[in-house]
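Comments concern the structure below.
Per-chain residue numbering starts at 1, and chain names A, B, C, D and E are given in the order in which the chains are listed.
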Amino acid sequence: MDLIKKIPAYVERIPNGGILMTGLDWVLNNAKASSMWYMLFGLACCAIELMATGASRYDFDRLGMIFRATPRQTDLMIVAGTLTLKMAPRVKLLYEQMPDPKYVIAMGGCTMHGGPFYHDSYSVLKGVDKIIPVDIHVAGCPPRPEALMNGCIALQDLIRGEKVGRKRDRPGLRHIDPATNLPLLVRPDTGLIRPNQIIMPDQLRVLS
Amino acid sequence: MTESVFFYLLSGLVLSSAWSVVRNENLFHAGLSLILCFVGVAGIYMNLDAPFLGAMQVLIYAGAIAVLLLFGFMLTHDLMKARHERNQHLAGILIPVLMALLLVGTILNAQWHASSGQPVNFGVASLARRYMQQDLVAFEMVALLLLASLMGAVVIARKEEGSRE
Amino acid sequence: MTPQEFAKHLGANYPDHQFEIDPLNENCVLIPLQLVPQCFELLRDDDATQMDYFDFSTCVDHPPDRLDLVYSMYSTVYKHRIQLKVVLDRQNPCVPTVSHLWVNANWNEREMYDLFGVFFPGHKDLRRLMMPDDWEGHPLRKDYAHPNLVVRPD
Amino acid sequence: MLIRTWWCALTSPSDDGGALRTEEFELNMGPQHPSTHGVLRMVLKMDGERVVDCDPVVGYLHRSIEKMAENRTFTQVIPVTDRLDYCTSMTSNYVYVLAVEKLADLTPPPRAEYIRVIMTELNRIASHLLWYGTFCLEIGATTPFLYSFRDREKVLDLFESACGARLLYNYIRIGGVGQDINQKFLDRMIEFLDYWEPIIPEYEALLDENPIFYNRTVGVGTVPLEMCRSYGVSGPNVRAAGVAEDVRRDDPFAVYKDLEFEIPTEKESDVFARYRVRMRELRESAKILRQCYEKIPSGPYGLPLNYRFKVPEGETYVHIESPRGDIGCFLASSGGDKPWRCKFRTPSFVHIQLFKKLLEGVLIPDIMAICASFDIVLPETDR
Amino acid sequence: MDLVTAYTGQDVALVLIMLLMLALILGFIAGSSLILIWAERKVAARIQNRVGPMMTGPRKFAEFSMWTGGLLQTAADAIKLLVKELIIPSKTDAIPFIAAPVLIVTVCVTAYIVIPFGPAFSVSDLNIGVVHVVAISSLTVLSIVMAGWSSNSKYSLLGGLRSAAQMLSYEIPLIFALLGPILLAGGLSMQKMVLAQREYGCWFLLPSLLGFLIYYVASIAEVNRPPFDIPEAESELVAGYVSEYSGMMFAMFFLAEFANMFLVCSVAATVFLGGWLVPFMPVPDNPTPVYILLGILTFFLKTSFLVFIMMWIRWTFPRVRPDHLMNLGWKYLFPLSLLNLLICAGIAVLKDVYKLNGWGISLASLGALAMVMLLLQVVRIPRPDTFLEKA
């Protein structure tokens, strides 16, 4: 794979290689953007709104998004609902089973920072981006179908802006914490909780 | 000239897949190469422009019998994992040598009369007419045999069904 | 049957124990700990009560020493409902199981074992229901603390 | 030597009398599963296509709602009960509010009672439509899902005009309701009912005459009546067993006393009977809504209560009829402004325990049909 | 042909022509699948009264009508799948894992050789036409079993076994249903089949209507399309044997499914609906270019009509349980196809020996069939409400 990564650099040096690359970018990005196959990861209330978005009135199919059951054939994971600590290892496992150009939409307040379950709840993981890198957060509890469609369109614009061969920068950066060599998994801006404060079920430690 | 090229190609394919059927560790791969062998034989039939026979070979052997064989491999208990010991080396060498001698002997002293030049019009119609007129008895016997085997299969399946409930 | 009749009915069957109405809940009868399986069996099988529908069983935690265990049953024949309360000691609460009488008591008791730490001898497979299996502590107790639990400032 | 190997190959004594010995294997119908009723994991021991033993594992959506209820004032708990059962959040609001009112013996004004009944019945219609869609998805027919969601969107528009939210309403408050509903809302409701009632036969036409459908549902997953009793099954699932049991009839709360509607029941208590009961319940709810439209009085829609009012010490248990069964709330208060203990008795928690015994000897496609026919929802189970 | 032989020897030309034909078929399959997949999503959307893909493709068509939005949607899917990462799970056994999609596409391509698109317009008119298609398409079972076994997961193994059993048990009614028209046409080759329908006077649909119905149902099962799509039943087996495939390998399976559907419908159109016979036009002996074009057009119209019905069936029926499927296949379709064979044999004898006109006989047989259906009405399959009162 890494040979392919070097090609864009060489092509740029050819006289009008740049135009060729942007043309290639345009075609690939538009193809990827307009045919995102999503894997419904319905946990709670947001799953019902996701189904309502997939139904007749607001239709995902108009954006070219079909529902695929297996993680192997999907390239967008919509985490819809509250993520509990017992469920966290499974989400991570599924994320890793997806083929590479993969994106994550975190739908609903619970996936951003625990939402209504931030206080007084011992079993809810405060934010999905603690275990998987998230591209688009859709606010709302549950977010309206229009908000979710808006999130998908925002993701499409994000994809159209990509460059072939460039490393994608993802929000929720992951540094390795030297003490526990566990990925720090903490958003620099919130910085609310350090990993050793959260007692993760140990399968999660094995996996991450 | 292309017929002979194709012929050598196909017979090479058939021989190699037959060899892999015998020598292969993984039984599933052995089953697959068996199917490849059947398809190779069908190719040889087609090459000798007997297309109906080739199609039948693909349909019956490669399509049905071999797949049922694969079913058998997959469904039976840990057939895949067990390492089969191979200590019949003596038998392994003796029998192929005997077979080879037998075959070469018959090939050498058979009188190959050259084909009479004009193409034999061997079509499906003549085949069917032969079934229905000259050797009708053999045809009916084969039908009876198949019926018996079918009933045997049903009885075995039925017994197994009965035992579980 | 009103709760008072229930108390009289139970008192008649077990003379040496007294059953009175719970001051907090007028539809609830307090029963002593050692009577639990027989008393429930009586209520279920006795044709005067026939409590064949088991609603739920849960705990109410009173921190210093008391842990109340509340059962609720309903009779689809006579259409009356009753709650029964058993007072347990908080350090090692232990109550014989009723899961052999009503099947849906099984998961209720597993949940109480998981969230309150109440032990049910005689229960077939007592393991955690809600929390991951390697979770320490019993979350629904009042004095429970956990790093993932951010208490809401009042 | 050659003959020996040949002979023993032929006559190898297989241990159980020559029957084809199939090995049991464990199938993990994991928490992430395309069937849409949430994160239920079933560990199935299979023998070929048949299930030998099934062990449902829950807890993947345990959001500790009861722990949160203990640290919030009585009015702040209401949005938490919304998330308890998000398909019918009106009913979970209602059962909690009824428990608080019984403890604090407040009686809401009659108009509030009628608004509450209207909202719960509309929510029942929306929940049954959701159930119908996902049930057909399990059986393999994808189109009914789209039709039922198209009509559910119209019900959600009604909710949006009344309480501003589509799914989690926080509308039924202690002592009354959040906002008043005006005549325009009632007219739109009747307009929806007129549009929607002739469409219900259309749903049934898609499936009833279809031999594939009733081959897959008639006689599948039959639950005998005494099994219902010992497992505590309630709601449409027990009405499909032939017993006309409904909390709105047996111990009526709010205004159900002076509304007349009948309880649909079937006899076989299999997947098809449960489907028929829910379809006929849709029509009953529409009838109730029409009666409420005529009988709703005018007047105040709630009691003026201050934000942190105190509830006298005491415990109580109240239960009402939710679309899935009989949902109850056991509330204990210690005289403060926060509930001391709040336990919800939810129907799905009870119905999932049925699967352990019901799914023995069942084929894989029937597992999905049976689970979907019980209309279980996981947040209720895990609370 | 003669241009090529001028430069090279006779045999090398043969090989070159063969390669050219192969490229032609591949191009045709790719093109037709693109349109078919887009059409399927649009038809499905229309049935479920929602809007299918709208965002891709030329915008001015999208305003024109809902039906023509999102034309390039399948192209976008294909390019995206090309760019996807190919995951070969570690414990899978690689050779059959990779061979399965390759085999299923090659089978599909070889089966297209005999399809008569126009009067003299088929790749190579083998004289074992119909049997060739059936024989080659029996190899798809093999590729599905390979895919199921090699992806080493319980779900795909179950899916693979189920679909192999289904396809094996539906091949037999398929072949027997085709025997009827073969008997009437007196030959196996597809072009001969079409010409036989011309002399016979009417399409073979009329004399062997039962055969057509059985063939159509069996072909839906053969192509694993709902209501017989148990192998990749979404709700149970999580996409069955395809669940471990990602990227381009999955695209091959996806492409092969639609190419097979088109293949099966084109065989049905040729054998039962008179492939390129323009309904009311007398057929000139030496085919003029105009007639060839017209023939190709009618062929495509007939096939796409059958494909549309398959799509329509897909979105209206629930899924059949495997044992009902086997039950239907063996206990109903197979005996009925034998009955159809009997009827066709009777018609053939009447036509050859007594020289009766084709139309008359087929109408008589249809009358007989209608009589049988009336008889069946008396023994009605139990309707739900009657069922309940009885129980």
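We adopt the following convention: a residue touches a chain if its C-beta (ideal position, glycine included) is under 8 Å from a C-beta of that chain, and two chains touch if they have at least 3 such contacts.
Small disclaimer: the values here were computed from a predicted structure and weren't measured.
Common partners of chain C and chain E, by the touch rule above, are A, D. Chain centroids computed from C-alpha atoms place D closest to the centre of all protein C-alpha atoms shown. Measuring from the averaged C-alpha position of chain A to that of chain E gives a distance of 39 Å. Centre to centre, using the average C-alpha position, chain B and chain E are separated by 29 Å. Note on chain placement: the centre of chain B and the centre of chain D lie 59 Å apart, centres being C-alpha means.
Per-chain CA centroids place chain A at a distance of 31 Å from chain D. In chain D, the positions touching at least two other chains are 34, 59, 62, 64, 67, 70-72, 146-147, 150.
Of all residues in chain A, those that touch two or more other chains are 55-57, 69, 86, 119-124. Listed for chain E are residues 48-50, 234, 238, each touching two or more other chains. Interface residues of chain D facing chain E in the complex, by the touch rule stated above, are 25, 27, 33-35, 49, 136-143, 146-147, 150, 206-216, 218, 266-268, 272, 363-368. Residues 41, 45, 48-56, 69-70, 73, 75-80, 83-87, 234, 238-239, 242-247, 250 of chain E touch chain A in their complex. Those residues of chain B lying in contact with chain E across their complex are 1-2, 26, 28-29, 32, 35, 51-52, 55-56, 58-59, 62-64, 66-68, 70-71, 74-75, 123-124.
Residues of chain A touching chain D in their complex: 40-45, 47-49, 51-52, 55-57, 67, 69, 81-82, 84, 86-87, 90, 94, 116-117, 119-124, 141-142, 144.
Taken in their complex, chain A has these residues touching chain E: 27-28, 30-32, 34-35, 55-57, 59, 61-64, 66, 68-70, 72-73, 75, 97, 99-101.
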